[in-house]
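Shared chain: chain A. Partners: chain B in the first complex, chain C in the second.
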Partner chain A sequence: MVISPVHYIAVPLLAAFTIPLFAKIHKELTRIIPGIVLIYLTYVSYVLMSKVMTTGPIVEIIAGWKAPWGINLVYNGFSGFIASLMSIMGLLIWIYSYKFKKVDDEPALKFYILFLMMVAGSIGITITGDVFNMFVFLEIVGITSYSLTAFYRGRDGAEAAFKYLLIGSFASVFLLLGILLLYTHVGTLNMAQIAERMHTIPTSVKLSIFVMFAVALGIEAEMFPLNGWAPDAYSQAPGPVGAAFSGIVVKAGVYALIRIIFTLFDIEGSLQFLIVMGLITMIIAEVSAIRQTNLKRMLAYSSIGQMGVVLIGFGIGTTEAIFAAIFLMFNHAIIKGLLFLSGSFLVYNDDKKQIASLSRFGKKLPVVSFLFALGAFAIVGFPPFAGFWSKLYLLLAAADKNLIFLIAIILMVSVVEVIYYLRVVGKLYFGKEESKIEPKKPAFNSLIVMLILGAIIILVGVYPDVITGFIHNAADTLSDKATYISNVLPSL
Partner chain B sequence: MKKYLAIFLLLIVGFYLIQAFNLVPFGANRVGNIDDESTVGAYYLKNTVPKTSVANVVTAIVVNYRGFDTLGEVTVLFLATTGLGSILFRKRKHGEEEERVLKESSQLVKIGSRLLFPFIALLGIYVFIHGHLTPGGGFQGGAIIATGFLLMLVAYKNYKLGHGALTWIESLAGITFAGIGIWGLITGGTFLENNAFPGLGNVNDLISGGVIPIIYIAVGFKVAAELTGVLDILLSIKPNKN
Partner chain C sequence: MMNTYILILLILFGGAFAAYFLNKLAPILSGLTAFAATTIATILFYTQVKIGSQVQLTIGGINLEWGINAYSWLFSFIVLGLGTLASLYSIQYMQNKERQGYFYLNFLLSIGAMMGILLSHDFVSFFIFWEIMTWSSFLIVIYNGKDVKKIGIKYMIFSAIGAYAMLMSIVMIFAETKSFLISDFINLISTTGFSNHILMITLLLIGFGVKAAVMPLHVWAVGAYSNSPMSYTSVFSGALSKMGIYGFGIVMLAAMTYVSPTISENAGSGYSIISIEVIKIIFQWLGAITAIMGTLYALKQTDAKKLLAYSSIAQLGYIITGIAVGTKLAVMSALFLAVLHGIFKGTLFMAVGAIERQTGTTDMTKISGLIRKMPWTFIASLMSIIALAGIPPLAGFVPKWLLYEGLITSGHYFLVILLFFSSTAAFLYCYRFLFGLFLGQEEEETKNVKEAPASMVIPMMFLAGLTLVFGTYPGLLFKPIANAMEFVGMHDVTWNMTVLSNVWGDTVSLNLVSIAIFVIFISAALFLFKGMRGTRYVTTKDISTSGEIPTENENLTYQLDFFKPFERAVAPLYKRTMDKIYNAIGESLEAVFDFTRSIYTGNGQTYAIYVIVFVVILLIFKDSIF
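For the complex of A and B:
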């Protein structure tokens, strides 16, 4: 059996259906099988990415029906890069969370099924070439995210999950309405064919469809003002899930939004729309972040702000800017992943997750605190860490297009970012009095994952060339719409 | 003030939505000329019967052309059950009996439900076995069977469902669906390809359409088991006493 993109979906699905039976043999298998599947997905990513880099995009058809009659998966430089990032992050978070949970009874083992399907669903959103198929995967991601948010079964968790459920259902309905309207006008669901027929739709209808798609996907991509669910969900969900939200789920939302804007629609001004929305998102989120006393909420707002910067990058629209934006997505996944993973150990025993309770943790938890500080420095963009390069490239791309005003705002917001991250780091090392809360010592597997992420951050920071080749390829594929269409529909 | 602003914004959004949907003529033929094949709808109408031997075009679309979506939707249901199970799980003390929120119902309801239940189940099975021939299919049949179980759960306060059996049905049906998909890959075709059997049979025969009826039967079992499981989870929570 040749490895092909559909393995990303088929194997996790088969595993998810099989796990309840394996659980009857031994409970521990519910934990182990998702890990094996994630290892396999990482291997699939490796094989497919090397194929894409040498021979070009892979288009796979499903059920033997050629596009546009059936569903197809498109694995090119951009979608492949994001999908590989997701599977690697999924694997790392799985290793980290192997013994993390506070509850350890039988349904807790369902955590791993839900987590596995959340990763698989996000990958599905990324690699699909069909709008309705994207909707289905969005549902999978949604359902798993709601249940994982409410996982600790406290009152706040239920409230956060319910809020997320309401907003998420709103997203589903809007996406479905948008797809419906689109289908009545073009008579197809295949993305490439829609892109080709987009010019036949009257402009007013096109705008309505665009708004519906943007609202639906903006909710998943944490775009302002649709991100009300995010801070609650991040702060109430278990630590690893928070990392997965920022590293995997939001990436899928951003990817879908970008794919819609760059490939499907040809509306003038949609790029400016991205810049404006990105700016508002960034400013409001970063200003809110500085006021937070809860560490996880602060990280959540920072995550929203970063997504704003990513949207700005895509909105500038030149290949260099797209390159910077994808680089930012990558950096955000690994750095925010590290921040969430180390942060959840820092506030593990504090029910309110207060920043104030971290005082002088640098002595009690030296390695975790150090890694958190490393992540904080990296995300605000200090050299020589990974975050520096993406921010530099973004500013350079903005300067190329003479967007001085934009540069000024991004830099000002970065100062805000520096303030609130350094406040936490300062608390960790130079807090006034020692915190009374006893920290939880990290387990060995969790520590390894955090060290790996820290190592990647430094490696990419010192030697960015290890990753830029992939990202350049991704940026080139995204901006080339004609090739996308001819890859999927060779006969046209 | 905020409320009025919200209503005002909603009205604007609603106005534009209605305008956009008004441009779609009601009842007009959106498929176009069947021989033209410029829309997927026309292609399906023209090619389904000769290429898949399935009399019900909708079934062919749901299970074969867009079978990948259906697999996803089945998974959504599966995940919803799993998620509910993990959120609403309550540790039972030793010897504590599961209790339902419902009260004991009258003798009339009990006897009536017992009388109706086999017929409801039979109808459900009929609907999903004939999914490729007549209107209906796995989702509909499964939902009908689940209503039968709902009736029993409502009528009998202590109606026991075999949880082990539900898990088995759910998993085996899911494995069948995903397994047929992977079988297509193993035999050198594509995922979910309809090539497991040498011939597709004659249109309108019960055994026709290759793997399509098998998948729909699996979907029927899965939907029935999952919806029943959801009902059972939701009905057997005791409200908090304190």
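For the complex of A and C:
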């Protein structure tokens, strides 16, 4: 069988729907099958990425309908990189949560089904070349995310999920509206063809459509002021889901937003719009994070803030800046993944997830605490950890465009970030009095995942060249719109 | 063959992790590992490395260059020398303390990072090592777990502000020169002038100023110095703060002296007010104010650690002033003092650490009369204090002489007055330190105190001995200093092995002074020793009060309220502290943060309204926004 990008979507969706059947054969299959699927997806990523790096983008035509009539999948340097990142994160989160709800099989079944669909949907958003198809995947991701947010039955979870649903439905409506308007004007849903015909739409209509898209995808990308759902959803969802939100779902949202801005539309002001919105998002989120007493909410706000920085990176718009932004996305996935995974062990037995409750856990949970501290150091950009390089590249790109003011603000906000992360680390090791709460010891599989993420953070920090090749390719691909169009529509 | 630079860094960083894991086997092993690592690194450095050799690396598409030059060579004395001695000292000092693995991990990391800073020829590796140094020292500052929020976080906030100011400057420099090499930055300044790049230079100076504890960026220093374990504080105050001086020197000396006179005369299109001279004057004054305030606060302290911490700040102030004045003499004295301060302040912190270990406290009102219990510690402290006070024959006299001459010959009379005031006031706290801890009456609590173990005394005595050596033969230090100054563009520095001379024709032959004082000292000692047989020890209660019986509240000891009249005289200077200003800023920022946070109301309806309002605004103003 030839490996193609279709497998990314077809295999996990198929598996998700058949897991209940397999569960009838043996209960353990509920847990094993998602793993097999995700290992396979990682393998697919490996094969396809090596192909992309050597021979160039892969355009997959579904059901024999050539573009622009049928749906096509575009697996190039950028989408391939993000998709691979998502499948690897998915795999790691699966290993981490292998023993999740071990005693209770029914919720576990739901969890794995929803989780697989969420990964499939996110990857779908990334590799699809069709706007309506993107909408469908966005809905899949949305519905699974709402359910996972409310996974723990209880008032808070339900409330968070409801908020998410409320705001998420805005996203659906606006996206659908945007697609409709777009279709009436260009008569196609294929992204490449839309991009090619974009200049035919009158400016004011084009701007209205753009606003629809930007708002809809901005909600998914956690852009201010559309991100009210995020802190609640992150803090109420189970630990691994929080990691999946920041490592997979948000990445899909950002990817879609960036794809729309860079490929579909040719609006000059959209980049400045990204910078301004990214800046506001970053400032407000980081400033809010410092006032949190709940660890998960703090991580959630920090996650939003980081997405703001990513948007700024894309908004600067030069290849170097895009490179920095993609690097930042990668770092954010692994580092925030580690923080969420280790953090959820630290506050496992505290219902309120208070930062105060993990006082002096450094002794009780040495490895987890160490990994959390490592993640904290990495995310604020201390060398020699991964976060440093993306920050450096971003600032270099900004300096290259002479955006001195922007650099100053980013760095000032970084100081805020340093404060609230190190406060937690200080508490972890040198808290005033020992916390009364007994921590939960991490399971072996969870520990392995955290160690792997920690190792990646150090490896990339010491030797960033392991990853920069892929990211450079991704950045080049994104900034080259003409090649995207000619890849999808070779006849033109 | 592997490059020596990389090997040295590998030994230090690898040793750090080895020390961490060996702690699990036996805590003593991590201490020994640290000592071994620093010793091997030092030996390797001084046998294998030659000035001028360099190595290139490429990481993440950025070219890094490591090498050593005469200027960084000078600072390597402080880092490696003090690092090795402090790690030897540490073995016994840290004995029976918890988390030794953690301590030595960060200890070696910060020493390795300091070496890395000295090796860096480019700003990226400079910054990387700078940050490693910062966070590893932060982790040691919070090691005691005392006041993490007040001391540790404050240190980190200031360090982060400094580091990010530096980072901003670095990316701006790169945008202009397309190179990270420090030499290209110096070229940029020397070809295009100082005032056109005032922002990047100011930012760099802020970054270095934080580490060098220049007013008003000094508030973190006292807590951080006094709160970390003393074996590290000797490195922290002795060597780590010198990294700020090192960077400061790069900007203020190298970048400035190479500026061709034609450019500096026609300097500044638009920023002509802020020329080199203005920056120099600002830092001269900041340095002098730092010196005075540091001294005045040191006077007030009753805790020996805090006294030394404030004194460190004051000494760094002299160094900053010296560099900022920028004449050959002033720079020479500043660099001399930089090395020397590492030596004597390193010793003093070690001595206080020894006292802390043996008696359990460093409060000068609680202990006294340790001279007979801890004679070696006393001698080491005495010599360092003499060096600190700048009295011949010990080395502190040399930079003082040079600095006053440098300031007078360049016409900075007011600065001379300030510094003279400060160094005179310094006598007071020097005296208090010696008297409070070592002299005076023996107390009941210190009856069973013993001298610190040999492995702690040896480093102290070695360093104290160095102050005598450099005091008698300052030329030993002048030589590398002259080379360093040559490297940063100050040519034809004249120096003499043992003779200090000035433009007015006065000369001081230091070895003669030393010999004279030594002879007097020995004969006095012999005389005293001879007469000792007739002396009798006076007990605590045997106080002659001229027939009057002292009342309860009469002060019989000089340890408490020692300098009350003086303190009263300078009281207005104590009133406004930078600390209060920063706290006020912090509080108002917190209020702003709280307000911002309330944007997230937690109410789904509000969030929905945000979305709708946002869409409406975008749709209405779309033509003007995009």
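To be clear about the criterion, the second predicted complex is superposed on the first by the 486 of 492 C-alpha atoms of A that agree within 3 Å, B and C clash if a C-alpha of one lies under 4 Å from a C-alpha of the other, contacts with A are read in each partner's own complex, and residues count from 1 in each chain.
The rule we apply is simple: a residue touches a chain if its C-beta (ideal position, glycine included) is under 8 Å from a C-beta of that chain, and two chains touch if they have at least 3 such contacts.
These numbers were taken from a predicted model, which means no experiment stands behind them.
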{"item": "Which superposed partner A:75 touches (first chain B, second chain C, both, neither)", "value": "neither"}
{"item": "Which of chain B and chain C A:111 touches, first, second, both or neither", "value": "first"}
{"item": "Which of chain B and chain C A:98 touches, first, second, both or neither", "value": "neither"}
{"item": "Touched partner set for A:340, first chain B, second chain C, both or neither", "value": "neither"}
{"item": "Which superposed partner A:204 touches (first chain B, second chain C, both, neither)", "value": "both"}
{"item": "Touching partner for A:262 - first (chain B), second (chain C), both, neither", "value": "neither"}
{"item": "Which superposed partner A:188 touches (first chain B, second chain C, both, neither)", "value": "first"}
{"item": "Contacts of A:140 with chain B and chain C, given as first, second, both or neither", "value": "first"}
{"item": "Partner chain in contact with A:13 - chain B first, chain C second, else both or neither", "value": "first"}
{"item": "Where chain A meets both chain C and chain B, residue numbers", "value": "204, 208, 211"}
{"item": "In the complex, chain C residues that touch chain A", "value": "59-61, 124, 127-128, 131-132, 134-135, 138, 142-145, 148-149, 152-153, 156-157, 160-161, 164-165, 167-168, 171-172, 174-175, 199, 590, 592-594, 596-597, 599-600, 602, 604, 606-608, 610-615, 618-619, 622-623, 625-626"}
{"item": "Touching residues (chain side chain A, partner chain C) in the complex", "value": "159, 162-163, 166-167, 170, 174, 203-204, 207-208, 210-211, 214-215, 219, 225-226, 228-229, 231-232, 267-270, 273, 283-284, 287-288, 290-291, 377, 382-384, 388-389, 392, 395-396, 398-400, 402, 404, 407-408, 411-412, 414-415, 418-419, 422-423, 426-427, 429-431, 463-465, 468"}
{"item": "Chain A-facing residues of chain B, complex", "value": "16-17, 19-21, 23-24, 30-32, 38-44, 64-69, 71-73, 75-76, 78-80, 82-87, 89, 91, 164, 167-168, 170-172, 174-175, 177-179, 181-182, 184-186, 189-195"}
{"item": "Sites on chain A touched by chain B in the complex", "value": "1, 4, 6, 9-10, 13-14, 16-18, 20-21, 24, 60-65, 68-71, 105-108, 110-111, 113-114, 117, 124, 132-133, 136-137, 139-140, 143-144, 146-148, 150-151, 153, 158, 161, 177, 181, 184-185, 187-190, 202, 204-205, 208-209, 211"}
